[in-house]
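Two complexes, one shared chain (subunit A), two partners (subunit B, subunit C).
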Partner chain A sequence: MSHAYRAVGWNRQKRLYDLATGLGVVLFLGFFVGGGLWRYPDATVETLLIRGLGTAAILLLHVILSIGPLCRLDQRFLPLLYNRRHLGVTFFLLALAHGAFSIVQFHALGDTNPLVSVLTSNGRFDSVSGFPFQPLGLAALVIFFLMAATSHDFWLANLTAPVWKALHMMVYVAYGLVLLHVALGALQSETAPFYGWLLGLGAVWVFGLQIVAGWRESRLDRGRSEALDSEGFLEVCSVAEIPDARARIVCLAEERVAVFRYGDKISAVSNVCQHQNGPLGEGRVVDGCIVCPWHGFQYDPATGTSPPPFTEKIPTFRVRVSSGRVWVHPQANPAGTRVEPAIVAEATGEAGV
Partner chain B sequence: MKATQSEFFVGYQHSAPPTLGRFLIRWVVGLLVVAIGLAVALVMAQRPFDPGVFEYGVVRDFEGILREHPVPALEVARPEGAESVSSYLLVAPGKHGAEEWVAGRNGERVRLRGTLIYRPGMAMIELLPDSLESRSDARRDNGAPQAISDVTLSGEIVDSKCYLGVMKPGRRKSHRACAVRCLSGGIPPILVVEIATGGQEQILLVDRAGGPLGPSILDYVAEPVRLSGRLSQQGEHWILATDPSDIERILPVAKEGS
Partner chain C sequence: MNVQWASGLLLLIALYATLGLCFGLPFVWRGVGRIDPQAEQGSWGFRWMILPGVVALWPLLAWRWWHRRPPPTAWTAHQRGDKGGTAE
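Right after this comes the complex of A and B.
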């Protein structure tokens, strides 16, 4: 996972994922361009291609932006998240083709450098309806390029997680630019209300999902027990509330902690995966390791370290079990610190550290 | 949590758990159906495409009299008689006008090769510049445009090459940047006027002295405008001599249905 970088670690599931993605793109473009030529005999292929590539890209962008919050709301969508970067790169190629064809069509073979022309050919900054929409699309494309170019884990490791994450959160800025690009461009010429409604519905869907998923997440951070023992341990739940090989996520000292039960042991680690901040507490313990639900990164629950040769480390927390209740110390240990699991007594459900 | 308690997806395993797999297949198939439905709906909701034609890849031979002013054109005699001519605007390849190719050759009989661009009411030849050859030393006097009257017209300023068929659409905001590039490169501007009874009239725009309008016209491209000037006619072409100071923007009063 973290040592040997390959462009794509192909397996059957990745191939199926890419097959479905490619099929979707081909079907969409086929029906869009083919349907357009059938419906409008005066249409030109290049115009239909430019429009088809643009709309396919926007549709795929909505799918991509929906996967994250959908996974927060229903874990059954997690397999779609695992290879989401493949969708992202596919989306970028569609957007790039749309942009490149448009620049060639509208700006090439003239008296000005095409890229300069994109930025200068419309100076109506004083008008909403006349506002230049092509520079907005170009700006979004630049952001998408940076995201696609750095989508591989090589860049995540070398840029550091905070920088990488901040860069990839720019997708929402780029999405806003795309909305403006369409609203101030195509929707100014194509006046069928259907287009405006669809664009608005897409935005409501994307931001609505984020809000609902965020609200659900925030509930995790509320309502924890305030019971505190003399050594500073906080009571977080009962042993019975944690299914075997799974975790309960609690918020302690403003940090989410995943409390795992595996067999008769209980360990607590940071809920944040070192890879892409995935929610470890929504993962499972498989073959003795916590497995992140996003991309399968693994950690030893007692030490918070990835099995060799991998080197990821996450903070661990001291944990104890008393009278069937689980107590966790909110002070995080340095990443990779071994903490002996608490043992659950089978008959009584009681145990100690 | 709706995932089954026993199933957990790990991406690097050979296959997904069966229940999850079935759930995902249903969603993926549903998404593909939605994608097809959206593709059809999106393409069907478009405006109809303009009827212009660009005979891309088809090069024809033409012979006629060059007209240098007010915009480059070729007048070709129709088969029915010498008094009847077809007027073709002349442009160069790409987003460039043909001024430099016809400069000083007004009234000259020439043979040239080029590609036709046309829509009802106006036609154009994209000239293959190297094909232009003189057929006679004699020059015909093309005369001056015949003035009709001073008028005020409302319409949209576009570049003639794209509007006639090279681009679809060759007008409105989505085409604005391209129109600016074309006009900047010397493609003759035209005013497209919607006719109450349907269709459009295309009127070539020149400055008051009959020369090309300057770059200030670029600010008014691809949006509803009202402009005043002197209307005249030369051959098959309507010509409006105006000035950028006589152009004003107007708000669209109704959605066009072209």
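Right after this comes the complex of A and C.
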């Protein structure tokens, strides 16, 4: 929001989230290394730590990639989304530690520069077991570094949300590189097919969730009438379809519009939050302001502006109610333009602009 | 990749990162407040936190600092529409 930047805007929920994440990571590593030493007494702590860090990182990556589509499918997952950036940075630190320990363990003892050794040690592109899997992991780590390094809100404001999001969508490229890194690396020394199946199942889960969430949203986008009136207003839904203090999301002019009902008023604003492009229509109206479900950014539904001292603005739309039906003009007003809410008459559901 | 290519690539990356660090330290101290008003009173924790990203993206920020450009506006399809584009 529009105030002096701090490293982290701490609150109770963020502290609890980070505490749970940290405890989870420490416990996982403890069990992995401890269990490994118990089961394989000949294994070294260094090797188990490298494997444990890598396993923790890839598990966390699956959790991170699942949070977005799960929230689109069921709002009960939203608390996980709130502090996902901290989860992302934690994942990067695990992956970095895995990479650093691996380089020290496997590449630092010769007379070649360890990083040069990583890039040149395996060079058989025609062989599955001799494929250069380590540069694949290094390339993924570079992408994860860029994402972690640009995770602060400063970068959102200075790169703009669409560019920032495009940069962070590279996580799927990095995920593909990680799958190859594991399949061509660690899995080559496994005799049981279990871990291969697990990796495949993880990929099917991640991409399957994305496809299901995307399919459901595209179905919602298509599911409205195309009735235009003489003034260019488009019928979007009935008043009764919008629960109080909630919104109905419709797709107009290439992007989604959130049509909010709050008390006897109806307003329409862009569904895209200025912060991280969060889905405002999945939020609710609290104390007269729309609250973004992702990070709590607020907007006045009639003006599309954040309450002072904040300065975010989103486009608004003209809206009216007739015979219990809601009509929205698809031409967006400039961000921050005041539009009088349509008033719903209680007895009949009739209203004017 | 042979050793010569790998060494050359790593040298280029090291050079880029060194230039980024040389730019990044004065940038997080002074420059960041010139291109983003919210950073003017930003804490030192925030300044150290953005340093790795500054080292990675320093040419973009150097251009912005040189031209004293404020943060750009994010354009959605709706905002493009209200600037004269067609709606549907």
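The criterion applied here is as follows: the second predicted complex is superposed on the first by the 350 of 353 C-alpha atoms of A that agree within 3 Å, B and C clash if a C-alpha of one lies under 4 Å from a C-alpha of the other, contacts with A are read in each partner's own complex, and residues count from 1 in each chain.
Convention: a contact is a pair of C-beta atoms (placed from the backbone, for glycine too) under 8 Å apart; a residue touches a chain by one contact, two chains touch by 3 or more.
Everything numeric in this text was worked out from a predicted model, so none of it was measured.
Chemist: After the superposition on A, what does A:Thr112 contact: first (subunit B), second (subunit C), both or neither?
Modeler: A:Thr112 sits against subunit B and subunit C alike.
Chemist: Can A:Gln134 be said to touch subunit B (first), subunit C (second), both, or neither?
Modeler: Once the two structures are laid over each other on A, A:Gln134 reaches subunit B alone.
Chemist: Taking the superposition as given, does A:Phe194 touch the first partner, subunit B, the second, subunit C, both, or neither?
Modeler: first
Chemist: For A:Pro162, decide between first (touching subunit B), second (touching subunit C), both and neither.
Modeler: Only subunit C; A:Pro162 stays clear of subunit B.
Chemist: Please indicate which partner A:Gly123 is in contact with in the superposed arrangement: first for subunit B, second for subunit C, both, or neither.
Modeler: So A:Gly123 meets both subunit B and subunit C here.
Chemist: Answer with first, second, both or neither: which of subunit B and subunit C does A:Asp74 touch in the superposed model?
Modeler: After superposing on A, A:Asp74 lies in contact with subunit B but is clear of subunit C.
Chemist: On subunit A, which partner's contacts cover more residues, subunit B's or subunit C's?
Modeler: Of subunit B and subunit C, the partner in contact with more residues of subunit A is B.
Chemist: Which of the two partners, first being subunit B and second being subunit C, lies in contact with A:Ala203: first, second, both, or neither?
Modeler: neither
Chemist: May I ask you to decide whether A:Pro334 touches subunit B, subunit C, both, or neither, giving the answer as first, second, both or neither?
Modeler: second
Chemist: Check whether A:Leu93 is in contact with subunit B, with subunit C, with both or with neither, and answer first, second, both or neither.
Modeler: neither
Chemist: Name the residues of subunit A shared by its contacts with subunit B and its contacts with subunit C.
Modeler: 112, 123, 132
Chemist: Under the touch definition given earlier, write down the residues of subunit C that touch subunit A in their complex.
Modeler: Residues in contact with subunit A: 1-3, 6-7, 9-10, 32, 35-36, 38-43, 45-46, 48-50, 52-53, 56-57, 61, 64, 71-79, 81-83, 87-88.
Chemist: In the complex, go through subunit A and note every residue touching subunit B.
Modeler: 9, 11-14, 20, 23-24, 27-32, 35-36, 39-40, 42-44, 47-48, 51-52, 55-56, 59, 63, 74-80, 82-83, 105-112, 117-118, 121-124, 129-130, 132-134, 185-186, 188-192, 194-195, 198, 243, 283-284, 286, 291, 293, 295-296
Chemist: Enumerate the contact residues on subunit B facing subunit A in the complex.
Modeler: Listed in rising order, the residues are 1-3, 5, 8-16, 20, 23-24, 27-28, 31-32, 35-36, 38-52, 93-96, 167-169, 172-178, 180-182, 184-185, 219, 223, 255.
Chemist: For subunit A, which residues count as touching subunit C in their complex?
Modeler: Its residues touching subunit C are 2-8, 112-113, 115-116, 119-120, 123, 132, 135, 145-146, 148-150, 152, 154-155, 157-158, 160-162, 234, 252-255, 257, 270, 272, 274, 315, 330-335.
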